[in-house]
Amino acid sequence: MNNIALGRYMPLNSSVHRMDPRAKILILLLLMIAIFIPAGVFGYVAIGLFILFSLMISKLKISYALRAMKPIFWMMIFLLVVNVLVIKTGTPWIQWGWFTVYSDAIYQTLYIVVRLMFMIVLTTILTATTKPLDLTLGIEKLLKPFEKIGVPAHIIAMMISIALRFIPTLIEETQRIMNAQASRGVDFENGGLKEKVFSILSLIVPLFVSSFDRAEQLANAMEARGYDPNKKRTRYKVLKMTGLDIVGMTGSICILGICIFICITKIGM
Amino acid sequence: MDAIRVNHLSFSYDGQTDVIKNVSFSIPKGSYTTIIGHNGSGKSTIAKLLIGLMEPKTGTIEILGKELNEASLYELRDHVGIVFQNPDNQFIGSTVADDIAFGLENHCVPQKEMQTIIEESAKKVGMQDYLNSEPTKLSGGQKQRVAIAGILAIEPEIIIFDESTSMLDPQGKASINKQIKALHSQKDRTILSITHDMEEVAQSDFVIVLKDGVVRLTGTPMEIFEHEKELEEMKLDIPFALKISKKLVDENITDKKVCTLDEVVDQLWQLK
Amino acid sequence: MAIEINHLEHVYNTDTPFEHKALHGIDLSIPEGKVTAIIGQTGSGKSTLVQHLNGLLIPSAGSLDICGFHIQPLLKIKDVKQLRKEVGLVFQFPEYQLFEETIEKDIAFGPKNFGETEENANELVRKILPMVGLDESYLQRSPFELSGGQKRRVAIAGILVLNPKVLVLDEPTAGLDPQGAKEMMSLFMELNQVQKKTILLVSHDMEHVMRYCDHVVVLDHGKVLQESDVKTFFEHPEWMMEVGINPPAIVRLKVMLKEKGFVIPDEILNEEELIQCIKGQVMIHE
């Protein structure tokens, strides 16, 4: 569980950590759009530089961001193989008997890989520099305008933050139940299909029972403390945009602008 | 005026068997009252009814002279706080400060005032150094202290403890019991504690004994402990201090029964 | 045969930033057929230690010998199932391990895992149920409709039905009312006295330890701080105070009286003797 890099908060003290979560979410969204606009090498260089710069000021190690890419490594290989076999346009680069590798196959793969890499690194920067609760708060504030058309922004945010709050508790509980059932002779690793089904049932059922228990108690505690999702509440945490937030957002708007410009005018493609 | 007054209260979970049967009692303002009874006697059900988490089948509840009903519910929650049994399942925020803030947010306290209130409440329970700690890093006793801080932030006149120490280790227990005593000595606060701990009962002003949803005994701890036979029938024990005190009286060493260790030691010291 | 633990160490999450050494070289000999209490604060390593006893954890260093099994680092236990049958481990709040539709099926789950036929397993369930104070009418009921105390009895029956030689109990009375706790402890004492089972009791409740245990082990920060017979242990309240354990009421009374200048010999641990001792030191009312 401990080596999942993607989505983990890294408690460092950097200017990116101190940025407003709303700004960070918006930047992520703007750049995501930019990534999907075909804007040739220039576009990618612009986005790449922005990402590299963010990574530097966030004090995250490059190796950390690369580690987040591990899960897609095999996907890249697979993609390359498929593309090489399927795409037969562009100039032939390597010829090997009846088999030819065309330039477009390589370019296509490269484009997809770069896009994926950008998206993963961006998301990693966001989640590594923003506490889950701040992220929720950011989402809530950004969804606020949509409340008028019936999006329950506050409730969504509360659900996410409670889920996040209980993940460690549930992991602990799972471990405890597994230990208890192992002591009753359950083997979670070996055994045939029937044993597997029973061993999973013996874990899932108690986990559900205790989760429902917890949910009920938590609901009581929240209600007793005066919580009503439909009532007006004040908020303890307030978000404030600062210079860097404005700079970051302006920067990403510029990049998006450049990409759109290149895409329409085809300059430099 | 009574802090809490319960009149002919009945309640049933399934609509058939009543778990609370025609219960009436009143709790004077500023008192420290304990409710005892075996598991399943209806103690926790009463706590939930008192803060309006469930509606009574028949009967009424008055909090500070006002009847508890749907209209008065949210207003009355400004005056009553409750600490539940399981420390994990009442920690709502992702840090100590967030959790204390939760109640303030619900009560629409202006954001500017929150930080001071949070710091002060955390200080009252000795958690001021943990404001940014996450719940997984805290012990059960610490989590319960945060729960108390969250309630103190609202400054309710009545605080209910629903077996709040039963899942804690001895240190956690001791720290919460100390906290309860300190809370009672301050202001005009009414404390209602549901407990199994007879030593705590011995220190309270007033005791209510429940059995199978019926109030069987009420009175001061000494008055309650006089009914030893009945207590035994209800599978309740008397505190060790009283057992010793009784023997001291039987042996003609002391002349008055007492029910806390401090009192026993005091009596003996006077005779030395 | 006794349980022998030699220089046992345990490290969690080795070679990660979360590395944590929970046990620092434990040496213990736990006598057979006795009731041994393991006490210590939360985080002292009690739970880690007991999870070694049935092979849920493997030591990082050192070794232990239990019921003919030799457990040491990096060595896969040959027949871990057999070990788990001989050493029954009851976790804290065991009611949370119930999952079957009926009580009969839930208790029979263990024996079936260990290879008993359905018939034999059900036969064993019928034998074990009265021991935990429930009659046959419960067999076909759902465990989820029971009260908290009854659920715990069913969960404990789920371990007892395996007929383990060693029974390890982690806070078996936590959250029960005093009467429920008393009944639970009497059950364990009967198992110890009648069936001669070795019992290890992890407990915070010093009244229970004083009344029911023969032998006491105090853990603190992953080390054995004290090990003695129960009487010697309670003659030294300072041992308990040192690790923040609340001594039994009688011991606390003794300490309080001593502070007021009463002379009370260490070996006095019952009410009668204490009263006789005080009697000689006060003026008597006429």
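Letters A, B and C name the chains as they come in the text, with residue numbers starting at 1 for each one.
What we mean here is this: a residue touches a chain if its C-beta (ideal position, glycine included) is under 8 Å from a C-beta of that chain, and two chains touch if they have at least 3 such contacts.
None of these values were measured; they are calculated from a predicted model.
> Looking at CA centres, what chain is most distant from subunit B?
Farthest from subunit B by mean C-alpha position: A.
> Consider the two chain pairs B-C and A-C; indicate the one with the greater count of contacting C-beta pairs.
B-C
> From the C-alpha centre of subunit A to that of subunit C, how far is it in Å?
45
> Between subunit B and subunit C, what distance separates the C-alpha centroids? Give it in angstrom.
30
> Would you pick out the residues of subunit B that each touch at least 2 other chains?
Residues of subunit B never touch two or more of the other chains.
> For subunit B, which residues count as touching subunit A in their complex?
So the residues of subunit B touching subunit A come out as 48, 51, 53, 74, 77-78, 81-82, 84, 86, 88-95, 97-98, 101-111, 114, 118, 135-136, 150-151, 154.
> If you look only at subunit B, which of its residues touch subunit C in the complex?
On the subunit B side, the touching residues are 38-40, 139-140, 166-167, 169-171, 173-174, 196, 198-199, 235-237, 239-241, 243-244, 247-248, 251-255, 261-262, 264-265, 268-269, 271-272.
> Can you tell me which positions in subunit A touch subunit C when the two form their complex?
Interface residues on the subunit A side: 2-3, 173, 176-177, 179-187, 198, 201-202, 205-206, 209-210.
> Quick one: which bits of subunit A touch subunit B in the complex? Just the residue numbers, please.
So the residues of subunit A touching subunit B come out as 131-133, 161-162, 164-165, 168-169, 213-214, 217-218, 220-228, 231-238.
> Which of the residues in subunit C end up touching subunit B in this complex?
Residues in contact with subunit B: 41-42, 147-149, 174-180, 204, 206, 244-246, 249-250, 252-253, 256-257, 260-262, 271-272, 274-275, 278-279, 281-285.
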